[in-house]
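What follows is a single structure, written as structure tokens, with notes after it.
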Amino acid sequence: MLFTDYGWRASYVGQLKTAIYQTNSVATIIDLQHDAPVFNPRAASYLLASLINFVSTDAVVLAIVDPGVGNLARRPLVMKADGRWYVGPDNGLFNVIAKQAEQLAFWEIDWQPEQLTKTFHGRDLFAPVAAMLEMGESPEMTNLSTDEINFLDWPLELAEVIYIDDFSNALTGLRGDRVSTDMRIRLGERDVGFAETFSAVGEGEGFWYSNANGLVEIAVNQGQAALAYNLKIGDPVHMYLP
Amino acid sequence: MLFTDYGWRASYVGQLKTAIYQTNSVATIIDLQHDAPVFNPRAASYLLASLINFVSTDAVVLAIVDPGVGNLARRPLVMKADGRWYVGPDNGLFNVIAKQAEQLAFWEIDWQPEQLTKTFHGRDLFAPVAAMLEMGESPEMTNLSTDEINFLDWPLELAEVIYIDDFSNALTGLRGDRVSTDMRIRLGERDVGFAETFSAVGEGEGFWYSNANGLVEIAVNQGQAALAYNLKIGDPVHMYLP
Amino acid sequence: MLFTDYGWRASYVGQLKTAIYQTNSVATIIDLQHDAPVFNPRAASYLLASLINFVSTDAVVLAIVDPGVGNLARRPLVMKADGRWYVGPDNGLFNVIAKQAEQLAFWEIDWQPEQLTKTFHGRDLFAPVAAMLEMGESPEMTNLSTDEINFLDWPLELAEVIYIDDFSNALTGLRGDRVSTDMRIRLGERDVGFAETFSAVGEGEGFWYSNANGLVEIAVNQGQAALAYNLKIGDPVHMYLP
């Protein structure tokens, strides 16, 4: 199960898969998403958490989002949470899942490949480790305590736009089942109310709904919400009771 | 075999595959196309029909194109046509294939998943049903007669642009083997004649040809036909004998 | 292992895979890259060569890049180089790999499918041949001597931009391990020096580095090199010792 910010262009995803198959030639690889919020592990963390309930409970999730600032060589991390394995950098990407988990453990990866480039740890380090874990093998790694993990202070929900999809819908880091459907979202000088589905509002009308992964999402029926309301990833989302 | 309008961005295709593997962990999934004409099951129906002859005769085809208007919750449909299974909404998407089929049957899906969201029937309902059919299992469903199916009055060919590819070639819903190569296509104030291949005309010259799937396609050698002739999906295509 | 210029849109890649599975229903297909430089087998040849060391040594590589000019129906070629099979048109695409190979042989494909369209040899001819080779079967083909192969005079390195990725990094056809890190690259009126990684230079600063596949790559830390320096595929790359 792959979740990255690599994009579908170029050969980055292809090389990741090549590396996985080199270790485990019978791996089943699912591309969950390859346009996770670039340079934004925080937004990506809420997005990944919203997808994980639909993933097999014994899956190995290889997730990589470049933090974009500072040293790229974050501590390489393995997390086990409620049966699923997670492999990736210790930059906060797994933290929303971690906070919701009932069973949780962390390890730092000690295993080293024969050749480790400075700029493609996904292919050289994380992919083989994920492939080993899927085969039931255990790469060399050292147990970490929870308080050694970065960014575990992030809140369970994020009142921000965390992703904008191809239909120009804006996903937020808020959970739809934790807010009243009486609430509205202020978007600059306009605001939108709740609707259960697209067809419940008129053509061109904006609304928010609880999407198929449980997140509050801002949309326009047959329109383009992010364009219409000038929304981008990171914008704050103000919900209020009128 | 997946044919959708989900696009490659976001996690929609990834979640579809996750749901298929949850039911059938050894499924072989082929992404046939994920940029079927958005909000246009009619154009998509001609496109899908042009691709189907190259698909294995025992394939399960999971096809989803959002009609964009009215209630999204169209009757969930299973069609069996000449050995292949088709799973998707009853919005016309399978109708061109149905009209060409020698053996044909329809069912309404009665099976229900434990959790059915309002906005992602592809993942929650259609994907598990397709996975069951590929395993040889039969989900609960009720036979439908042909006259209960929507839009079966669509013609066998469509004189419209049905798709524009990345090379800016414009595919039409017309069959190349049913028109004379003496015919020309009027495109605004210009028109183009037939050529067998790209290299048969000069650089920058427009022409039409019968593409590798049998459809009349408008192209420009080393150029961009849809841009040059200002073509978009749904534009009428006028063929005439000069 | 697929390497093409088909793009992810439309059904071209999907049809290629469908054709492979028709011949070999248990094939393992990896999408290495589908946005190889369009109409540019020369640039693509250096790109493919940079990726090949990470590919399994018994892989079958199906590679297609349209030359864009002249007759599309180039001689269909099979190459075996250091254990790996390569299938595609004889347009130079495999030549950088050929020049580096210790064991090398070429064949012209004589095998013909029942139905061969004029415009989709990838699906009709190359895909089944690649699938047969992966199964250990041998399609009909005739040995060729090396001096019958097109474009084997291309140099081992190319001082040009050969690809621009989604992050606007510009890859060149030069090998990082064959140039001194004291060298600079002139880019119009500006120039950039070497840095080991992105984080070694300031935000917005340009540099060149040896990328994870060994190529000299021009980048800007948290910026967009190709945009900033107005680079496109085919632009010459001037390295010099200041």
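Labels for the chains are A, B and C, by order of writing; each one numbers its residues from 1.
Everything below uses one rule, namely that a residue touches a chain if its C-beta (ideal position, glycine included) is under 8 Å from a C-beta of that chain, and two chains touch if they have at least 3 such contacts.
Note that the structure is a prediction, hence the values are computed from the model and not measured.
> Does the chain-touch network form a line, ring, star, complete graph or other?
complete
> Enter the angle, 0 to 180° in steps of 5, of the rotation superposing CA atoms of chain B on those of chain C.
Here the rotation carrying chain B onto chain C measures out at 120 degrees.
> Using the average of all C-alpha atoms in each chain as its centre, how far is it in Å between chain A and chain B?
Here chain A and chain B have centroids separated by 31 Å.
> Note the residues in chain C that touch 2 or more other chains, in rising order.
Residue numbers touching two or more other chains: 8.
> What residues on chain C touch chain A, complex-wise?
Going by the criterion above, the answer is residues 1, 3, 8, 28, 30-35, 51, 54-56, 163, 165-166, 196-199, 209, 211-212, 222.
> Using the touch definition up top, name the residues of chain C that touch chain B in the complex.
Going through chain C, the ones touching chain B are 7-15, 17-19, 21-22, 25, 39, 68-72, 117-120, 123-124.
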